[in-house]
Structure formats: C-alpha cells, structure tokens
Amino acid sequence: MIEVRGLVKAFGVKPVLRGLDFQVAEGEFVAVVGPNGAGKTTLLRILTSMARPTMGEVRIAGLQLPRQSGAARKILGVVSHQPLLYGDLTADQNLRFFGRMYGVSNLDDRISEVLSIVRMSARRYDLVRDYSRGMQQRLAIGRGILHRPELLLFDEPHTGLDPDAADMLDDLLIRVADEGRTVVMTSHDLTRAGELASRVDILSGGKIARSIKRGELDRGELNQLYYEVTRG
Amino acid sequence: MEAAPRNLKILTGITIGLFVLALYMVFIYAPREAVMGDVQRVFYFHVASGWVGAVAFLVTAIAGGVYLAKRDRKWDRVAVASVEIGVVFTFINIASGSIWARPIWNTWWTWDPRLVTATIMLLLYVAYLMLRQGIDDPDRRARFGSVYGIVAFVSVPITFVSIRIFRTIHPVIIGSGDPAAEGAFDMTPRMLQAFMFSLLTFTFIYATLLWYRIRLGRLSEEVEERKMEMMSV
Amino acid sequence: MAEGVGAVSRVGPRGAVGGYLRAVGAIVWKDIAAELRSRELLGSMLVFALLVILIFNFALELDLRTRQTVTSGVLWVTFAFAGTLGLNRSMAIEKDRGCLDGLLLAPVDRSAIFFGKVLSNLLFMIIVETIILPLYSLLYNVNLFHPGLIAVILLGSIGYVVVGTLLSAMAVQARTRDILLPILLFPVVLPVLVAAVRATTGVLQGLPLEDYQAWLNLLIAYDVIFLGVAIVSFDYVVEE
C-alpha cells in the first residue's frame, strides 16, 4: 500500500529525514514511534502530499507522489493532532461539507452511519466549538473515514486527550482498523502504539531504525529497545 | 572563507573604471544645458538608477518564476538580492528626481505618474521584504517571495497606466516627447553619449552588486548549515 | 488496491467538471453557514465601515459641496479598509483548527478552493457594499442609485477580492499575519482603487459613458490579468 524509498526531506538546510525506507502492506496497522522532532509528522505530511519530498520515491497504492497526489488523496483518510473541523459549523454541517468535497454519494445515510461509528449521533446538530477535545477528535476520525478511504493516516491522535478519552479513541482505532483498512499512526506513546499496532517502527536519525512485529518483544523489551535506539 | 572568484574581481575593476569615466562624462564631457544649467546633470544618473530599479525587479520576477518551476534555492537568492539592489536604486531615482524637480518644477514633489509609480514600486518591494521577514521556514519564504515578486511586477505597469490617465507634467526625453512638458530638452550628441554611457555603467554596477549579494546569501546559508552541523554533533 | 485505482479512473471529464463545481459550491455554502452562525465577519466589516464613514465626516467636513467631489473616494476607501478586515478573518477561519489542511487533503483541484474562497469573500464584500451604499445615501442625502454604479462596484470588488484572497492566503501563514495583509495588498490594488474611484465619480456626476470608459476598461483588464496570475500562483501559496 505504501512504498517509500530513499526519502530525504530537508527544511532549509536542516535535514529531518535522511534516506528513509518504509513499506506498509495492505491491511497492516503500523505505528511509527520516535522522540519529538524525529520527523514523524514530516513523514506523514509527505504521505498526505501536504509536503514535498526533497529527494526519494514515495508511492501510495502505486500512485507516485507528489505527481499523482490528486488521485492519491481520494483513497487517503487523515486524522491529525488538529481536528481539521470548523468550529462555527455543527457536526452534521462539517461532515456534509467534507462529504461534498470528496464527492461522497448518499451523503445523508453516510453521515448517520459515520456518526454512529464514532458515537456522536446525539451531538449531530451541535456546534463543534462547544465540543470537548475528545469529542472533537472522535468527530475528526468520522471526517477521516467519511469517504471510505483505503488508507488511514493518524498523526498523534492521542494529543491532548485525557486517559478516558484516549481509551475510547483506542477502541475506535481498533474498530476502523478491523474493517480491513491499512492504518499508519504516529505516536510518542510507546505503550499505546505497542498495544494497537501490528508493527511498530522506531524512527530515529531520520530513518526507520528498527521495525518490530507484534509478539516479537514483550512490553519491557520494547521499551528497552526504544531507549537504546533513540538515546543512541 | 573563500576569496572572491577571479571573474568577480575583474568585473569589480571594470565597474570602478567605468564609473570614474562616467563621472568624467557627466560632469565635464557633456555640455551644460542652456536653460536648466548644471542641475540638468542629475538627469544622467537619475534615469540610470531608475533603469537599474526596473531591471532589478524584472530579474526578481523571472528568478521567482524559475524558482517555482525548479525549486532550486539558488534562484531565490538571485530574486532577493535583486530586490534589495532595486529598492536602493529606486530610492536614488526618486531622491535625485526630487533634487532636480526643486529648481525646475519649483517643488520637491508632484503627483506625476512616473514619480508616483516609482514610489508605489518602492513600497511594493519594501512589502516584499517585510513578507519575507515574517516567514521563518526558508522554503515557504522562497515560495511566497517568488509569488509576490511576480504579482508586484505585473501590477507596476497597470499602476503606471492608471496614474497616466491623470495629467502628467513629467518630461519625456526618449521617444515621442511632449514639447509642452516643463523641463523637457533636446539632447546634444555629447549629452546622448554621456547618457548612454551612464546607463551602461549603472548596468555594470547592478551586475557587480548582484553577484556580491548572491555570494553573500550563499555564504550566510553555508554558515547556517555549519552551525546546524555543530549543534547536531 | 485495484479497487482504489478503479475508483479513480471512473471519474470521467464530465464528472471532473461536476466535482469541481460541487467543491466550489461546498466552500461557499460552508462559509455562509458558518457566517450565519457567528456573524463575526460581516458584523466587524459593517461596524468598521460605519466608523470609517463617520471619521471621514469629521475629518473632511462633508458639507454639500465637498460631498459632490469626495463621495466616491470616501466610499472606496471604506470598502477597501473594511475589505481587509473581512479577507483576514475569512482566511484566519481556515487556519484555525487546521482547516486549510483539511481543504487541501480533499481530492479537488487547488483552484477550486481558490474560487470558492474568492466567491464567498466577494459575496461578503457585496453584502457590506449594499448595506453601506443606501446608508451613506441616507446619511448625506446623496443619490447613489445609478444602474451604472453596480457595474463599477462589481468590477472593482472582483479585482480587489481576487488579489486580496491570494495575498491573505500568504499573510495568514506568516508570523506577522495580523499586520501583513494591508501592506501587501494596498500597493498591488492601487490601480483598482484609482480606477474605481474615477469611474464612480463619473457615474455619480451623470457624465456620458465615454468620459469614464477608460477606467472601466482598466478595471476589466486588471480583473482578467490578476485572475490569471492568482489561479496559477495559488497552488504555490498553499502547498508546503
């Protein structure tokens, strides 16, 4: 689903990603972990074609970025650490707007369906600005899956959530992943990443330093490996 | 620290030589204008600096277009270097015009189209520099600079036309002159030679300054890079 | 994966045009819906416009004779000042909560986003103008109801909003976003303001069309040229 080879991204003179290779097969749930500033968000922004690679090859579902980004955006669902929602619109209006932008058919039914998936049906006609952070994030996930994307990208979805809201988000993430979608999630929360994902990639020094499949290591070993890799 | 390349040194030498010659031509070789007297000599450098301003902003617009197509930071360095030089020379153009206008038009300032256009142009490119100053990410700064450099350059002729539709009193020396314009005069051959020579000299000054400024931009980026490396080690 | 590629290729040329217009319409609808709720943008533009007119009243002592000559200038300065307020706010809404990213992630051409924002900005501008004009006419007992005025105001507003939307998209992404827009915008839209003021004066004084035809032509030329420049360059302003 995702194929990245020799990806370099520099901001000005400062390289963030240095020849990164990254592959994700269909149906996988991959968590990319790493310390702040390691380039997790940069990697995700390149996958969403919001940022251009300085060098290297990026393909999503066989489509080359950034050249075919228009086609690639159709099959991408993105949830970032910002909700990407309009505060002065209701949940219904937000989803209706994005549904039209994506050309979703049977929009009314799909909105009801999505709202029940993210358990927001009761707040359908309330303004987003009055939501708690957790509710905004749930609706953001609803926005991300609205057009039935094949590939979901989550950028630090747990940011700013209290533990209850974060657990609820985890349930939701597992549910959308179980629908057979491919998921890539960045996180700095190693424990959550280890529990949710089928594979954990550690990003360090601008490359994927280690890649661990679920069950290869237990929680303690994973933590230790993470500190060895990132502390150097 | 690398020394200036040999060609740049040669160019600098030529430019200095040309400038000394241009001073001779403007102040001694060219005859004193009969009606206006010595103050007319402002005209040679006045027009030449206006010319450099226009060329500089054209170069910025072109370099901006090339940057957007190729994404090579080199072109952005050309664009910003050219704006800085253009702003200085446009200012010289307006200030020298003012000095000339005081005795001839009996005022430091009039709302003449060329004067106003030159001033708007100055403001446009000061805005360009302020825009760049407000952006920290160098790639975004280069992109926005390129776009604004093109937008600004496209707007200048339209601004000129819009103010031109108002009445003008600025003398037109080249091309179809309006004999009624106050301060117009016919150039003698020597005046024309001095004028052409000034244009040539100022074009050389522009090229030399541009080269130095681009080099400075590249070097300061290298310094940044070294600093980053030192910090990340 | 094969499914996804299939879904992409299903969109024929007809579907592409439909999708483009649907996206433009969705943005306009969204901006209106949000504005109906908050009334922040129009509210601030209108109050500010009224304040500017009141300040002009005392600054210029708008007596009967002065009014004849300065009305069009006062009106356009008011529109231009209130306009920057609206343009800034309209783009700031997109920047809050990362909404601009949300727009850019949608599989629509960037120029559809640009046109959507231009149309809603133009709509807000025209609403403010249609409220301010009769109000001015009431306050100062000047007759502003000339059909020709509609054309002048439309042409002037289009040029102003096209350039303003492009530059406000740059200004909101800068560190100095609150102060930058008027500095970037006013030197570029100067010809629009000059031409619009002269043409408005021509219309209001009941001059024959050929007396201010040149200004209308200039406005049309400006609108066409900058529409082209803006469509081409908007991509570069919103990408990262």
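We just call them A, B and C in the order they show up, numbering each chain from 1.
The rule is short, and it goes like this: a residue touches a chain if its C-beta (ideal position, glycine included) is under 8 Å from a C-beta of that chain, and two chains touch if they have at least 3 such contacts.
Please read all numbers here as calculations on a predicted model, not as lab measurements.
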Checklist entry - If every chain is reduced to the average of its C-alpha atoms, which one ends up farthest from subunit B? => result A
Checklist entry - Using CA atom means as chain centres, which chain is nearest the centre of all the protein shown? => result C
Next on the checklist: Based only on mean CA positions, could you tell me how far subunit A sits from subunit B in angstrom?
Outcome noted: 50
Next on the checklist: How many angstrom lie between the centres of subunit B and subunit C, each centre taken as the mean Cα position?
Outcome noted: 32
Next on the checklist: Between subunit A and subunit C, what distance separates the C-alpha centroids? Give it in angstrom.
Outcome noted: 36
Item to check | Shared-contact residues (touching 2 or more other chains) in subunit C | outcome: 239-240
Checklist outcome for this item: Residues of subunit A that touch at least two other chains are 52
Item to check | Junction residues of subunit B, two or more chains touched | outcome: 139
Item to check | Complex contacts: residues of subunit C adjacent to subunit A | outcome: 1, 3-5, 7-8, 19, 22-23, 25-27, 29-30, 33-35, 37-38, 93, 96-99, 101-109, 239-240
Checklist entry - Which subunit C residues qualify as touching subunit B in the complex? => result 163, 166-167, 170-171, 173-177, 180, 183-184, 187-188, 190-191, 194-195, 198, 214-215, 218, 221-222, 225-226, 229, 233, 236-237, 239-240
Checklist entry - What part of subunit A is in contact with subunit B in the complex they form? => result 11-14, 52
Next on the checklist: Please output the residues of subunit B touching subunit A within their complex, sorted ascending.
Outcome noted: 71, 137-139, 221, 224-225, 228
Next on the checklist: Residue numbers of subunit B touching subunit C in their complex, please.
Outcome noted: 68, 120, 123-124, 127, 130-131, 133-136, 139-140, 143-144, 146-148, 150-152, 154-155, 158-159, 161-163, 165
